[in-house]
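One chain, chain A, appears in both complexes that follow, with chain B as partner in the first and chain C in the second.
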Partner chain A sequence: MDKIAWSQFQGLLKREVLEHRNLFIWAPVILGLLIFVIDFLIITSLAEENKIAFVTYLARFFNGGSPMEMSGVFVFPTLPFLGILYICAILYLTNTLYQDRREMSVLFWQSMPVSSLNTVLSKVVTIVLIAPLFYVAVVFALYLIGILWLIVSGLIYDVEVAGLGYMFLSAVFSLPVVYLFAATSALWLLPFIGWLLLFSAFANRTPLLWAIGSLALILFLEGFIFGSQFLSNWIETRSDIDNFLIIEFGGIFDRLFSYDMLIGIGIGSIFICGAVYMRRFVD
Partner chain B sequence: MTNIVEARALVKNYGNFKALDGVDLTIPSGAISGLIGPNGAGKTTTLKALIGLCDVEGELNVAGRDPREARHKLMEDVCFIADVGILPKWLKVSQVIDYVEAVHPKFHRARAEKLLSTTEIPANKRIKELSKGMVTQLHLALVMAIDVRLLVLDEPTLGLDIIYRKEFYDRLLNEYYDGNCTIIISTHQVEEVEALLSHLMFINKGKIVLDAMMNDLAETYTEVIVDPQKIERADSLNPIHIRELLGKKCYTYESVSRTELESLGECLTPSVADLFVAKMKETRHG
Partner chain C sequence: MKNLILKNRYTLLLSVLSVYVVVVVIEGALTDREPDLLRFDNSLFTLDLRDIGELGDFSIDL
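Let's look at the complex of A and B:
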């Protein structure tokens, strides 16, 4: 990619973040604040001896352990963030190629020397690689504040806090896993991403309804004509979180280079090409 | 003189509606060309076809490219302003400058900032907070900071008050146009652009009904305030339009010798507005 193309693509990614800052920045920040406030209220309501026991337990639990091995403990608390990320992703994908057509600013975007391919690709990269970064950053901030609070409490209650240093390292090591899990799961779900983008680029109103309605129609026709449920089974298997939840590095690489993943990427790419075509020719 | 736009037999249908019905266009490089037509005549569809935003049938060459094949490459040499509402409302002024700087290789940020410094547009405001006039000023400043070969303006001053409209065209002519680039302006407000134009096109019902250099109009079109006793003779010369003027009849002729017409009464060169009305009524009746 030459310098101009790279500058263009950065401009496109920045546009996505600015346009959808509510979904990518404010949604995780509000969730983070909510979790912080709930945790704060719970912990401050504890009796002093329970607080000391809590800090002591955590410090001992992590003390001397391998941060890499213990990082898995910090993956599960991020699941609410990933849940919100998936909801925001659906809202983003259904609106991103529709909203600017509705408000006519599409004429401005298309008056710039940017191809429809790069426009759509910037949206795929945003949801696969960029959006998870913001969510992980908020999780990191939350862990940092939590562990600092534990360390200060430990120092006040005269608890040995060295173990909390290990706890912090474990939390830090969990972040790349969480990020790679989010990005890998987005690739795993690429057929759904492509499907939503296709209808976002095509529908003149209510793209989500079009996407769901069309899928429901196809499922109905499959059952009606062939008497089979292949597609619904495939969708069920692919959207089952047990099939893409990963809590360690090794699992990520196994999943990335599996045939299932490549088939999903292939199907998703076909829908994404359809979205590029629609973006180019629907007027 | 080379042509920056050449189009032959452009056709575009929306269902049963023929938006373009065999449009032929030739726009010389360096011209300020007006595409004039009533609402729904096909102006916007024509301009969108020129920049590849509308898939049409027919032959089309703009700045040496077919817009249907490499629109994004073409847009390095072509800028487009639609009506006042198309800048994204959620962007701040500074952010829209950042964006254009990132994606357009021929954009000059310093020039844009200098142009904006002469306006009252604050850099930290969102576009939705600006007035319509300011949005147009901003868009024009962005476009004027890009070195392009062709600027396409589709009803650029629609909905603006007279001060902003006048300032828009003054700025375009005095600070932007240097004779090297070509400007196409579509509008149905003929009087507003008449003085700017060097090339004129009328469009109606998806067809180009007039395509001429402004300098040639006086040779081709003549208005005659016909003496009452010569009405019969005037009728026999196939006028394209007849109107009442202060109790007399004013005939408009196309390609009829001026010497011959001078014998009918006082001869005038029709204004673009009068010619527009004449050609539109001719199309309607013809």
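Let's look at the complex of A and C:
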């Protein structure tokens, strides 16, 4: 990719983030604020001796532990953020190409020296690589506030806070794991991403219904005509939660370099290719 | 062939879905794929929700 093409692609990525900042920026910020308020209310309702016991327990739990090994503990609190990321991703993928056609902005973009392939790829890159960045940034801000509160409380109640330094390092080490977890799971779910993009480019109205209805119809036809369950087996395997849940660096590489990941990327590419060609049909 | 596939949005959709079905069915037949749903297996804990009646065996390896 030459310099001009790269700057064009960057422009497309910026456009996606700016046009969908509610999904990529404000959704995690609002969830973060909600979690902060709930935590704040719980903590302020604790008695003083319980607060001291809480800070002491955390400081002792993390004290001397390897931040790399303990980072797994910090992956679980990010699951609500990843849940919201998946919901926002479904909304984004379902509407993005459909919205372009409905607003007729597709005609403007097709008149620009930007190919449909780059436009669709920018949407895939946005959801796989860019969106998780904002979510991880909000998670980091939450961890930072929480650990600062623990340190200040420890100093006020005269508790040994050295262990909280290890806790901070564990939290920092967990961030790349969470980011790679989100990006890897998005790659794992590339067939779903491609499926939603295909129907977003295809449907004249209610793309989500088209996507769900077509899937149900194909599954029904396979069972009805051939009496087999290869498609449903494949979808069930792809939806296996164990393939989403990665809590250590090793798990990420196991997922990335596997046959199942490769076949998923291949099938996702078929749908993405279909979405690219589908953009030529503008009513 | 290309003209037929790209004739309209419906022929294109049908072609993409046909390729998808063929690839998944062939791959499923070759690998004899079985669904592996709701199984958590990682360094912190192991849980198989298919054995929902044996949840007492849930083990945490912290």
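Quick note on the criterion: the second predicted complex is superposed on the first by the 280 of 283 C-alpha atoms of A that agree within 3 Å, B and C clash if a C-alpha of one lies under 4 Å from a C-alpha of the other, contacts with A are read in each partner's own complex, and residues count from 1 in each chain.
One rule holds in what follows: contacts are C-beta pairs under 8 Å (C-beta built on N, C-alpha and C of every residue); 3 or more make two chains touch, one makes a residue touch a chain.
Since the structure is predicted, the reported quantities are computational estimates derived from the model, not experimental observations.
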{"item": "Touched partner set for A:D39, first chain B, second chain C, both or neither", "value": "neither"}
{"item": "Touching partner for A:F281 - first (chain B), second (chain C), both, neither", "value": "both"}
{"item": "Touching partner for A:M112 - first (chain B), second (chain C), both, neither", "value": "first"}
{"item": "Which of chain B and chain C A:I267 touches, first, second, both or neither", "value": "second"}
{"item": "Which of chain B and chain C A:L231 touches, first, second, both or neither", "value": "second"}
{"item": "Residue contacts with chain A in the superposition, chain B compared against chain C", "value": "C"}
{"item": "Overlap of chain C and chain B interfaces on chain A (superposed complexes)", "value": "280-281"}
{"item": "Contact set on chain A toward chain B in their complex", "value": "4, 7-8, 10-12, 14-15, 18-19, 100, 103-105, 107-116, 118, 280-281, 283"}
{"item": "Complex contact set, residues of chain B against chain A", "value": "48, 51, 53-55, 71-76, 79-82, 85-91, 95, 98-105, 139"}
{"item": "Interfacial residue positions of chain C with respect to chain A in the complex", "value": "6, 8-9, 12-13, 15-17, 19-21, 23-25, 27-29, 33-44"}
{"item": "Contacting residues of chain A [partner chain C, same complex]", "value": "72, 198, 202, 214, 218, 222, 226, 228, 230-234, 236-237, 239-242, 245-248, 251, 263, 266-267, 270-271, 273-274, 277-278, 280-281"}
